[in-house]
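Encoded as structure tokens, here's the structure I'll be asking about.
As written, the chains take the letters A, B, C, D, E, F, G and H, and residue 1 is the first residue of each chain.
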Amino acid sequence: MFEIRFHGRGGQGAVTAANILAIAAFNDGYDVQSFPFFGVERRGAPVEAYTRLDKKKIRIKMNVYTPDAVIVLDNSLLSEIDFLYGLKKGGDLIINRGGVEKQEQYNGYRVSYVDATSIAIKNKLGTENSPIVNTAILGAYVKVIKNVKLNSILDAIKDNVTIKTENNLNAAIEAFDNTVTGVF
Amino acid sequence: MFEIRFHGRGGQGAVTAANILAIAAFNDGYDVQSFPFFGVERRGAPVEAYTRLDKKKIRIKMNVYTPDAVIVLDNSLLSEIDFLYGLKKGGDLIINRGGVEKQEQYNGYRVSYVDATSIAIKNKLGTENSPIVNTAILGAYVKVIKNVKLNSILDAIKDNVTIKTENNLNAAIEAFDNTVTGVF
Amino acid sequence: MYKVMKGNEVTAYAAMLSSVDVIPAYPITPSTLFPEKISELIANGEMNATFIPTESEHSAISVAIGASASGSRVMTATASQGLAYMHEMLAIASGMRLPIVMAIGNRAISAPLNIWNDQQDSIDERNSGWIQLYAENNQEILDLTIAAFKISENEKVHLPVMICMDAFLLTHTMEAINIPDKKEVTDFIGKNTTNRIILDTEKPATLGSFASPEYYTEFRHQVTVAMEAANSVIFDIFSDFKKRFNRNYDVVEPYRLDDAELIFVSMGAVSGTIKDAVDVLREQGKKAGLLRLVAFRPFPSQQIKKYLSMDVKIAVIDRNVTPGYDGSVLYAELRSILYDSDFKPEIIDFIAGLGGRDMTIDDFIKIYTLAMEMNADSNHIVWEQLKPLGEDVS
Amino acid sequence: MYKVMKGNEVTAYAAMLSSVDVIPAYPITPSTLFPEKISELIANGEMNATFIPTESEHSAISVAIGASASGSRVMTATASQGLAYMHEMLAIASGMRLPIVMAIGNRAISAPLNIWNDQQDSIDERNSGWIQLYAENNQEILDLTIAAFKISENEKVHLPVMICMDAFLLTHTMEAINIPDKKEVTDFIGKNTTNRIILDTEKPATLGSFASPEYYTEFRHQVTVAMEAANSVIFDIFSDFKKRFNRNYDVVEPYRLDDAELIFVSMGAVSGTIKDAVDVLREQGKKAGLLRLVAFRPFPSQQIKKYLSMDVKIAVIDRNVTPGYDGSVLYAELRSILYDSDFKPEIIDFIAGLGGRDMTIDDFIKIYTLAMEMNADSNHIVWEQLKPLGEDVS
Amino acid sequence: MNDNEYFVSGHKACAGCSVPILVRWVLKIAGPDTFVVNATGCLEVFSTPYPYTSWKVPWIHTAFENSAATATGIDASIKRKGLLNAHIIVFAGDGATSDIGLQALSGMAERGNDVLYIMYDNEAYMNTGIQRSSATPYGAWTTTSEIGTENLIGKKEKKKPITDIMVAHNIPYAATVNIAFFNDFKDKIKKALGIKGTRFINALAGCPTGWKHDPSKTVEVMKLATRTGIFPLYEVVNGQMRITYRQDPRIPVGDYIKVQGRFKHLQNNHAVIDEIQKNVDSWWSKY
Amino acid sequence: MNDNEYFVSGHKACAGCSVPILVRWVLKIAGPDTFVVNATGCLEVFSTPYPYTSWKVPWIHTAFENSAATATGIDASIKRKGLLNAHIIVFAGDGATSDIGLQALSGMAERGNDVLYIMYDNEAYMNTGIQRSSATPYGAWTTTSEIGTENLIGKKEKKKPITDIMVAHNIPYAATVNIAFFNDFKDKIKKALGIKGTRFINALAGCPTGWKHDPSKTVEVMKLATRTGIFPLYEVVNGQMRITYRQDPRIPVGDYIKVQGRFKHLQNNHAVIDEIQKNVDSWWSKY
Amino acid sequence: MIFNKGATITSTGNSIANETGSWRSMKPVIDYSKCIRCDICWTYCPDIAIDKVDGTSYSAPYSQLKKKKVPKINYTFCKGCGICVNECVSKAIDMIREEI
Amino acid sequence: MIFNKGATITSTGNSIANETGSWRSMKPVIDYSKCIRCDICWTYCPDIAIDKVDGTSYSAPYSQLKKKKVPKINYTFCKGCGICVNECVSKAIDMIREEI
């Protein structure tokens, strides 16, 4: 089983990202689950969403405690929340951020960066103040983690994102092309 | 245990009669119960009410099936309902009626008559069309059955009948004096 | 002082004696005499309380909650559909730990509509976090109601209480009751707001916050703990009551249980009839007895186990139905608590007395006979008074 | 066709596939996705139904009753306070013998307010005369909902049905489900008004009369009989379902019960987690198994007895509370039905997963260990996830 | 008007009850293509004790507070079957309407369901034994507005203006009717039946038991209610209010009060009677 | 006005929510001698997640539909303690007021309890995710009035005129307020607090999340609501209605509609916009 | 006894089996020689206990009324409320005490 | 953890422990040289995240404003909604991207 945790802010599309990833993975032959953190937080507040993939039937219905990957959609969250909590040693961390940085606390994880914000703004997704970065971040996901195909992500976006579909597809592809992974 | 069933019409005061009898009997040292037939019948419809007296504690909570006495407050009911139902052999039947009559079906009961209607009208209780005969009938009850004292009835009326108290007392006394019992 | 009164009037008297402050109520047969009598007592100057006839039962209980939360002593009364309409607010009242006393005139529930007596209405609220006490006669209505205020306001408890009385059999039946002096009652119950956090501008507090998964379990558990505590609090308060008023109560009442071969288990008014039936049976040499539950919540498991610790037959008189489960509530709850006890009485469920169908001494004698004839293979769930089913007409 | 969907959307899809006519609903977390999706499906022309957003749940269920009584196929959805607010009308719907299907997003009840998952809301309606089926995953939500229409419209049953799904764990979780063709579903369910007396100007009838003591008992009994009949009707309908859709259901689901030494008993979504826990335990050589109740009303007593007829330990997972009674509902109901069985498994109640407190594989492994360590003297009612109680602050 | 009867004898209303008169005539006007929803209350109880019914049209009762919602369900249901011209009529008491059923009624009005809602206004909870409702008039005795040394007046709040409240909902038709003014009554029922959407009618319903007068006086007392101006007859069509009956000069309210036992305590309380007269006069001064 | 704050930071309202602004100022005006009753809804949820509270006055929440009844209980209770001058203020959403809580409110108005009832009107069930309420305006998208090929309009029913409905109850004070018109708002709250009996205030409550506009625009959009005449400001004192703000000429309603995502589908639907304009004009033509 | 599923009643109008005439203690009697066939009594009878029957064989104050239908009290249902007596414009109905 | 009976909260106003500033991704900054101390931002801040502080040490467009209290944003709570920016009549507040 592979578990992914998304961090974003209410209204930014983290939940949709988790859902699209699940749909794409299902089309790639996985059994899947996706769900938001069931809170009463409101727009602007930090939120979480999760995706589970497995080659066998997923039966458990419980929170994600030890994700294999953590994805941060909004870099302003980095100083606010404990986004590394529970991330498996050797797990993936994908951060929406222009430019890379060396951080002590990331030791032991594989860290990737993508400037999803710029990509979203460029593709006119959301507004400049609140860009919607979820499709871009999924491009980064498949680039880094590879258990889901880029094409499956693109198909899932096509089927489920009804507004600015083209822009979203472009954003995913651009992000795929511009994600940097490594030990910094 | 001594059980009495009152027959009247909704609004005529049969329930009050049962209650006043209970109060009087309690003051005479009985344990008592009184209750109406628990129906949804409306004003004008035939109704029943019951009183139970006993020298020991009354614990049962059930309908009265085999009364020791039956009291009919409205003689227009005689042709309408089966007022003799369950009356114990040798039991008392008290009928509000001017004049006596021989009736086959009363065989085996002790029958008494009182013209409670005239007494009530004379004492200005209720209207001519719907006289309130319950206090008069209680006068007849104590005359015939004697397990409750006339004075106790009068006291109970005094304590519980707040309008036209004097008239009601007179009605009870007059009825007491004018009840005829016997085999006709 | 003795007075001959209807059960429902007694509840109003109990409110007066207990110095209730606020009385919201909505009419429903057979509880309506309560607000009527309250209205009369206040109109006559015999009672000093604020009576609020509301526009529904949902609002009646909500007014009660608001008044209790702000420190008033509160009582209301309802039945059947009215209680059902309050349903949502019942667990809110208990979850907020508010002392409220409510008189229930036990009546059948719709559909079909029926205004007569059974105990489905309050039994259906057995999970609501309310203490439930069932009266057998009018004197008990008075005494249990007075005690209920003291119980619900006890710091270890702080839960609302239902005083359940059978429709008509008690609510509309006149009986003589012994009425204590108001001063004695005041001394007995004591003060209301001790150790309670209430709405108060001097000491502002937030009441009725919401609890996330991190906190919720513990609040539910606290209600459970309070219910357990209620068991012994009730015992103490009944002892105190006995000392002051010389009438004795317990959470269960045993009647002629010595060497009983068949024990009836019941709640409420029919217990009186059963007592007479037991006497009749005993006279015939038949060893019958009765265990009456006064408290149904908290369920007096320990006391029941004590009295039923023998290999007898038990005839449960269940005045309620659980469609889709094996046997009605009292039966099932008895069986469950005795599941792992050392003895194993044979328990038979007699579902009867529904929607006002009268239960007589003869019924109980018949039940005795039926039960004694049964063996392990018999159907132990018996609809005692069932008529043959007719065909659908069209 | 497969689709990845949230459980609550699935209920809306099921309504569409089942050709529901009238859909009254009122929003409440976590059921709100149902009316939202219905609104969307209708707006997009994917569904032809009358959607009625009401002003309250009491009215939503009343609209459902009116529509069902006049011959429409009806569905609604609610949860927690909404279900509680409907309470009065639930027994009316069943007493009037109306087929209605309602999706419940199982959520804790107030007070304190909590929007998360446990099963108190529907369990508190266990006496309501509604059939209750609990889904483990989204596929089951779809399948059970479709089957529910057929069950409730069956002439021997004619009772309303709740499809219960755990808040968030199912309602808001996306899973892939296999969606049958609408035509297949139509063929499967059949017609709605067969042998039902409905409001009809051609054939006028009086619905919802009141029944005096002379009649009431028998109508209550009829509901009980219909519930009993539902047991075998459900069996037949599940068989039919299997034939047509090739997915298998029963009123209970056994999982690795062979030589089990400890059997979990549960309902709903956590059962999936328990299955994984059972696998882990089995790998460690620990003989655990699971018996999941799909039907809670009618209570599948016979099937339970069949599967539990051994001297095992049973760990009941109770996601509800009964303040003032010994143990929560599933525990008590299991004990009661096993009271006079030949075997006597040791039953332990684990009260947990309240108000959204997450239950993990580790929790169930811990429960296994706790249960296996217990002896007859242990306290068999365990609040598994309780935090230490703090002091009142002032 | 239909010659047939759709509400028949053998019902258990009190002798002299006005409600059966109202119901019988509404149904004769509406005819057999009519669904009736009935709230819990006197009418429901006296007309459908199982296994007897006085109704010859499809009729349903579900609960006390939800008649409008039940009617909504029927409206949705019959519309789907293409029954576009059948009538749906709710009969509900003042308690079932002004108090416990107001929310459901308001919801229905917002949705605009095609339902004629008739509140029969006997001005108290009669079925449970004459408790005050919000429709009970100021000064009336009821069993929950008892008279005594501390309450010489009876009900202290004014009658809730339910028709105005429904007019404020912007429904297409609202009216008051009184069977004692038979032609006015008939005309309004007919007109209301001819309109789509939610229509509301407040029908005064004399109740000898609760108002405490001789059963034979029911219609007479009801006539006084309107002739004194206490129960004005009007209709509001799409917001346009029109008085449909004027008594000139109006009979003093005292004449209405003195014939009813529920106002007995006011008989010599001129201050209160004057107050009631003033309120009536002030209402009329606007029209 | 009080210098202290009785509603404090750290609440969890969406960024840009107008509700905390309203509440804060009402309490500053009312002062510490105030009891607050809060219906379930956004305000309740964002201000009292255990163990935190943003309130510094006694505050209670019991359920969604019964705030008025809860307030009645408090009124009765504090009166008995002799607290005759404390304020009782209900804050309840439009759903909690116009829909599920209407009956309790109506009951309280009939009883005449001394309560200031403030409906914060964000025009939908926001707490549960933007479902339509009866207060949702005609034409608005919500999650239960979805737009699609079969519904180009959104909500098809008009906004329930709750203030009119409360006026029809003959309460002593009813008004509409909009914090974007701050002095008018302050004056009305003060006036309402000075009156006894049941007072009702409909307070427009901009909601960026549900109305779908940028959080920074909340006050601006609210201003437009009144300047277009869609949300008129008035008060009704003992039945006397008075407009308290007039924009002359009124801004076209299209300007209000176009800044909100909930009306996006109407942007080019001139027929509907014209209809809305007509309705607004017709309302104003009466005053 | 018949217990229809859900307590539905399909024999609509069967309440005529309840002979509510038994409720009556006074009895209205029409004096046809005064009756002007105005139908008021028929309109207002709460018990639908006044039928309209062929009037030819009844006396009438004016001969032209002879052809009109006359009100006939159905004592099976008449509860004796007296509304007809009170409302009759011609004072054509009397209330008399029920015979026993 | 403290579980007050019935989930009551007696430490009123304790929500100030929730530092909602973490919700912010953009940050308002006041240019005091433009600020005319009109209090509008303070009035309309939904998060009560604008304090009024002694103004003497702040620049001001007109010297007579110096004595007035100035608005000061409390970033502990400011969620960055931008209402203050939008409503400020003097355009004295700017929204800038949060530093990380």
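One rule holds for everything that comes next: a residue touches a chain if its C-beta (ideal position, glycine included) is under 8 Å from a C-beta of that chain, and two chains touch if they have at least 3 such contacts.
In this text the structure is predicted, and so the values were computed from the model without any measurement.
Chemist: In contact with subunit D and with subunit H at once: which chains are those? Just list them.
Modeler: Of all the chains present, those in contact with both subunit D and subunit H are A, C, F.
Chemist: Determine which two chains are connected by the greatest number of contacting C-beta pairs.
Modeler: Among the chain pairs, C-D has the highest number of C-beta contacts.
Chemist: Approximately how many whole Å separate the CA-defined centres of subunit A and subunit C?
Modeler: So the centroids are 57 Å from each other.
Chemist: Cα centroid separation between subunit C and subunit F, in whole Å?
Modeler: Once rounded, the distance between the two centres reads 42 Å.
Chemist: Determine the centre-to-centre distance between subunit B and subunit G, using the mean Cα coordinates as centres, and give it in whole Å.
Modeler: About 33 Å separates the centre of subunit B from that of subunit G.
Chemist: Would you mind listing the residues of subunit G that make contact with two or more other chains?
Modeler: As it turns out, subunit G has residues touching two or more other chains at 1-7, 9-12, 20, 23-24, 79-82, 95.
Chemist: Among all residues of subunit B, which ones touch two or more of the remaining chains?
Modeler: In subunit B, the residues touching two or more other chains are 40, 44-45, 129.
Chemist: Touching two or more other chains, which residues of subunit E qualify?
Modeler: 12-13, 15, 17, 44-45, 48-51, 53, 55-57, 59, 61-63, 65, 99-100, 102-103, 106-107, 110-111, 134, 208, 214-215
Chemist: Please name which positions on subunit H make contact with subunit F in the complex.
Modeler: 2, 4, 7, 9, 11-20, 23-24, 43-49, 74, 76-77, 79-83, 85-87, 95
Chemist: Going by the contact rule set out above, which residues of subunit H touch subunit D in the complex?
Modeler: Residue list for subunit H touching subunit D: 1-7, 10-11.
Chemist: Looking at the complex, which residues from subunit D come into contact with subunit A?
Modeler: Result: residues 2, 4, 30, 115-116, 136-137, 166-170, 172-176, 269-270, 272-273, 275-276, 356, 358-361 of subunit D touch subunit A.
Chemist: Quick check: in the complex, which residue numbers of subunit B touch subunit G?
Modeler: Of all residues in subunit B, those touching subunit G are 9, 44-46, 74-76, 78-81, 97, 129-130.
Chemist: For the complex, give me every residue of subunit A touching subunit D.
Modeler: 19, 22-23, 26, 31-36, 38, 40, 58-63, 65
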